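Next up, some structures in structure tokens.
Shared between the two complexes below is subunit A, which has subunit B as its partner in the first and subunit C in the second.
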Partner chain A sequence: MQSTHGDSMSRRHTTTDQAEPLLRITDLRTQFDTDDGVVRAVDGVSFEVNAGETVCLVGESGSGKTVTAESITRLVECPPGEITGRIEFRGENLTTASAARLREIRGAEIAHVFQNPQDALNPVISVGKQVAETVRIHEDVSERAARKRAIDLLDRAEVPDPATTADAYPHELSGGMKQRVLVAAALAGDPDLLVADEPTTALDVTIQAQILDLLADLQREMGMAVLFITHDLGVVARVADRVVVLYAGKVMESAPVDSLFADPGHPYTRALLACLPGRGRESGSIPGDLPSPTDPPTGCRFAPRCPFAVEACTTDSHPSLYPVAQEPDTDRDGAGTTAGDSPDVSTPLSAAPLDGAASRDLETTGDGVNTAHVAACIFHGPDRDAAHLDREVSWTVAEPDGGGR
Partner chain B sequence: MAGDEPAPDVGTARTAGTGFERIDWTAVDDADSTVPPAAVAAEALVFFSLVAAFVYDYVILANEAPTVGVVGWDVTGVEWLLVVVLAIGVFHAALPLARNRRLTAYYWRQFQKNRAAVVSLGFLGFVFLVGLVGPLIWTAPNEAIDYAAAYQPPVFAGGSWAYALGTDAQGRPLWHLIVYGMRVSLEVGLISMVFAISIGTVVGTAAAYFGGYVDEVLMRYVDLQQTFPVFILLLLLIYLYGASLLLIIALYGLFSWEGTARLVRSEALQRGEEAYVRAAEAAGAGRWWTIRRHLIPNVSSTVITAATLSIPVFILGEASLSFLGFGDPDVFSWGRTISAGRSDLPNAPWISTIPGLFLFLTVLAFNFVGDALRDAIDPR
Partner chain C sequence: MGMEWYVVRRVAWAVVATYLAVSLTFGLLMVTPNAGADVAAAQAAASGQDYDAVRERYLERRGLDRPVEEQYIDYITNILTFDWGYSFSQGEPVLAAIGDAWVYSAQYFVPAIIISALLGYGIGLYSALNRYTPTDYLGSFVAYFGISIPNFWFAIVLILLFGVVLRLLPTFYDSSVALLSVQNVKQLLMPVVVLSTASVAGQMRYSRAQAIEYARSAFVKTARAKGASEWRVLTRHILRVALVPLSTILIADVLAVLFAGSFIIETIFQIPGLGRLALEAIQQKDTPLVLATTLIPVFIAIIGNLLQDLAYVALDPRIDYGDR
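Take a look at the complex of A and B:
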């Protein structure tokens, strides 16, 4: 919107006023100095993870999901990386924490499960020792006490015959078993937050379901929060409490999982949902490519690929997150019955009056209404009447080669 | 869980408010441990007693008195080093292999695929054993001088069984010279190798892991050392201080690790990018932990191969120095025996050729074994 400021992301409306969240990320920016320029992999991302809940970071490849997750405990190599913003874990700002403090937190309080179990296990160390490693890093225990604990953890991760498997080497285990070992290793420090970076992507579908169930069971059992990174909306529907949709390093939408699927607030989310292979319908793909990370478009980063984009989307600074209010006159899933009275979408929105009062008004829009579901789209700003989302645009039509399964 | 720091008492801290069962970790039985602390204690004890014996030998014992009176063995400085190297080998190669039978059996199956290497390993085992205990069984060549028995041909050339491999110009049995030469080769090869490989591995891993200036400085020094003619330095030092086996071994060990360092660095650079190194960091591992637990074990196949292939280089180097007459005059190196037999080549060719054959076979065997090891233990 023309009325938003570049940094207004940081003033996004928080969710319900419960206790301090376990993890609060505010205006996180992670950039890399490369020969081709500064790559802003994560550009002003804010979200929260409450204790015990599962938050999914969703986005396509290159959207900054992994960099966001790795910025939390500064696993991003710095330099060339540079992390700014606030990452508060139980009120402690991790962006300014010392390296020693971060090492204490890693594994013991924030644990990671990585994408490819094949690569994440050291081929020359028995898996039992690798599970025991986290224990031994954080606690001064003897090797055999750590081994006992590793066997117990492997058992907990439903590895059959854990005592024998503990002596096995990674090449002797199947992919699913390796991922179970990695889950066991991540649990070894008894973390409060588990960052699972596409933990099922490298596995086949039947094993995926098993791992997801295992993670859910363990999460319930241990009461930890999970930050789940995936590009698979099927997985999201299965595990998430809340969803944060990332695109080109920015949050597009943040919503409880039900309202995200029922009422996607951002065209990009709709596009993602349209790409989901479904039963009895064709799945599409989003035309175009991710914007250049060194030279992102002004305005909404999705605007160049967005069929709903109006001129204001591309000329303006990126819109802030606005509550996706359930207003009575809006029925976006309907046939666009209320859209008829909207002005012509080609009307230049930049001509609309802009003053301080209007922008203040914007920032307080969320007060008192359900702000758990927010989207960074012009349609949720003050000019939403001018740029109605109710136009009928079919994603499958927009993409010529949208042949699904 | 709920924000409490891990308390020193693992058993109680773990259970508070978690879904974990109440297990007192401090009370778990020690029945099936993987690394018995007994081995660590034994190693400490062995090295402590070695140091004590060394001090006793050099400070308290009279210069001429044999260290081990029973067998009359006066241990020299080089032999002390050899004992240390052998102890390192026992604790860090033989014991882990014996403990992890399954892995050892797997390596052996892989190794066996190379028949030449199995034969070579047998030959090297023979050289190793004879070189180790032979000097205690057979008298030193200088005590076996018998001019009456000079130029005896070996048994296959019509000689007698009393001198199975023949004798040299002074009537010394060639077998004795070979056995003492084995000991020299053993010392030169193993001690220099341990020196060179240790330094090379540490420098290579450090350069790869720390990168930046550390890498730059270390690798530029490696370049410097690579272009530096160690052989000339050796000749200069021998000219200045006199030839001694210890000097030769030390110089080879201290100035020929650059190849290993480069190899290990490039290997460690690749391994450092692996996901498991990042996973270890994500689990809170510090730099040294990552190096020790993840980088070094993964470059170990490269290191072991490099180590095996560096031994024959050192043995050959010492033999050539001795052949040229710059070797330690107190030890019976194969090179020295070969050199001494040159003038008798027309009438007594066995004096040069038999030690030469042993040298050749030893070097060849190490190369075969090194190649087979590389194939057998590569984790990828």
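Take a look at the complex of A and C:
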């Protein structure tokens, strides 16, 4: 185990040098066989996470965020689940990796923090042992050495009096403290990618801020990438480098965080932003419900709820992801697909899903890496006018939250 | 409200429960017509003596004509001093008869409980982790078979098949066989199988349900996300937590089998154990022996529950000592 770990460390450096993403997910499909039919929880999702950066997966409940996150190291139950597509972690395809290989990766290279700290700890094992468990699984160390490491990790996770708390049982700790313990357990294997699935949703607002700060500090110290799953755009504004917006198992939009808040390219993203509370308005909700998971609509999945939908939105010829212009002004003038200073991008990406090659093209046509802002909306197609978006209904679009980070 | 105080109170409660059970039994004895006196009086009346005079003499000789409170104090004292009376049906003191009998009961009872717990938990956990597979369905079938089938019928079928047709095993228990011998193992095989079939099924269904509940729990997902192997997840996480309710069920199940199962099995296989002793005592209206064979399972039940309460201390740190 030790040697594997050392190996991985060196690989991390080479991949960073070549600007290869740490994690590249291509056309991920996770479906579940249920009595009501096949549920396509994740239906062709592609995105990347680079070393050290924070990517937010955003969407409503049921949009496939959690299933996407848990598909990475195959934590979803298979069967009834079935995962296809490519999940490349440092070039290694995890969808075809053996169960034993995945166990080596889990905890040591890709760690998870889950939503509800109340249930995520074993109620009858002391928290110190549960942190030490990660260490003991991946390294051949004595119980005493593992305990020492666990206390050290609890200390780094800012658990007060870690040596005493290590002997406490979960029911003796508060929710925020439990989440700190879970963060300590996740970081025990010195992972390169932390998948944080709504780690603050179940906590009080003040505790939420503390946990977000803790994660940010630890991310900086340990240089790990974070895939942060949330439905809270306030949290997104605070933590994200890039954002991937999911809806009904598909990527609706993918953008650097500033670009997304300044110029949302998909009506769904606009709707999410319009629902943000605390900007002098009541928090809203998007009218309508998520489409049926067993029988999703053809075309754009958001079309049935979209006030801007036109007939083409409900057909199969609906595009997957198109670049959104960088300059909102040129956008409004009707050059919906012309990405301002980079005319190359105006070439439609055809209706193909955003595979690795296409996304790399996009990135290199911009100012550098990760500037690509793409949305799966017909209004960004070749013959469409993005001004349509403001034509009939105007979402109450939130103010760009540039200073929020 | 620490652990010591909890233990003290559990033990105290066990003592109180024992006292209540013993007193209740005394009450029942008082309101029951004395079978021995009736029999003696009827016999005397047949040979021309006065029915009532003989009956009174019989009661007087045994001190049963004294005031209730005096008898009650005597009764409690006798139980506490292990002076449990003389069994006329066995021709020896009650405690000696029980001392002879329990060895035979324990011989099939202890292996049956161990087998049913190991097999029941094993199949249950395996089924839980391999749900909706042929093995799971087979496990469920075996469980329902075990629950549905009457003990006595299953025992008779086994005797017919292995004892009469195949002639592999003895058809009844021979108490003259040495304790540690192949022959003894062979003659205990069928009683153990019959008793554990009934009990395995229950353990299996409960452990499967418990394991399914915990297999989906968030803390098991956390363990998997740490890279824990399936075996580690099963033993360190699922089973460890499931043991809390499962141990409760095991104790209850053991007692149920002890009360009901042993009567049938010992009768069919002719094992001279506690079940048969109790049955003979009842049939022959041997009051001191009936009393003893009633009280002993009650004591075992109370001790079992006490052990269970104490086991919680080790099994479940969430136990609230102040609340119980």
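Everything that follows uses one rule, which is that the second predicted complex is superposed on the first by the 324 of 405 C-alpha atoms of A that agree within 3 Å, B and C clash if a C-alpha of one lies under 4 Å from a C-alpha of the other, contacts with A are read in each partner's own complex, and residues count from 1 in each chain.
By definition in this document, a contact is a pair of C-beta atoms (placed from the backbone, for glycine too) under 8 Å apart; a residue touches a chain by one contact, two chains touch by 3 or more.
What you see is a predicted model; the values in this text were computed from it and never measured.
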Room on subunit A for both subunit B and subunit C (clash or fit): clash
Contacts of A:Asp204 with subunit B and subunit C, given as first, second, both or neither: neither
Touching partner for A:Glu139 - first (subunit B), second (subunit C), both, neither: first
Subunit B versus subunit C as contact partner of A:His112, first or second or both or neither: both
Subunit A residues touched - subunit C or subunit B, whichever exceeds: B
Subunit B versus subunit C as contact partner of A:Pro123, first or second or both or neither: both
Touched partner set for A:Asp289, first subunit B, second subunit C, both or neither: neither
First, second, both or neither for A:Asp36, with subunit B first and subunit C second: neither
First (subunit B), second (subunit C), both or neither touched by A:Asp217: neither
Which superposed partner A:Glu20 touches (first subunit B, second subunit C, both, neither): neither
Clash-bearing segment of subunit B, relative to subunit C, as chosen among 4-12, 76-84 or 112-120: 112-120
Residues of subunit A contacting subunit B in one complex and subunit C in the other: 73, 75, 103-108, 111-112, 114, 116, 119-125, 130, 133-134, 137-138, 169, 171, 182, 185-186, 188-189
Residues on subunit C engaged by subunit A in the complex (per definition of touch): 217-219, 221-229, 232, 236-237, 240-241, 244, 315-318
Subunit B contact footprint on subunit A (complex, rising order): 73, 75, 90, 103-108, 111-112, 114, 116, 119-125, 129-130, 133-134, 137-141, 143-145, 147-149, 152, 167, 169, 171, 182, 185-186, 188-190, 192, 221-223
Subunit B residues within the subunit A interface of the complex: 1, 3, 6, 8, 10, 14, 18-21, 23, 25-26, 28, 30, 32-35, 102-103, 274-276, 278-286, 289, 293-294, 297-298, 300, 379-380
Subunit A - residues contacting subunit C, complex: 73, 75, 103-108, 111-112, 114, 116, 119-126, 130, 133-134, 137-138, 169, 171, 182, 185-186, 188-189
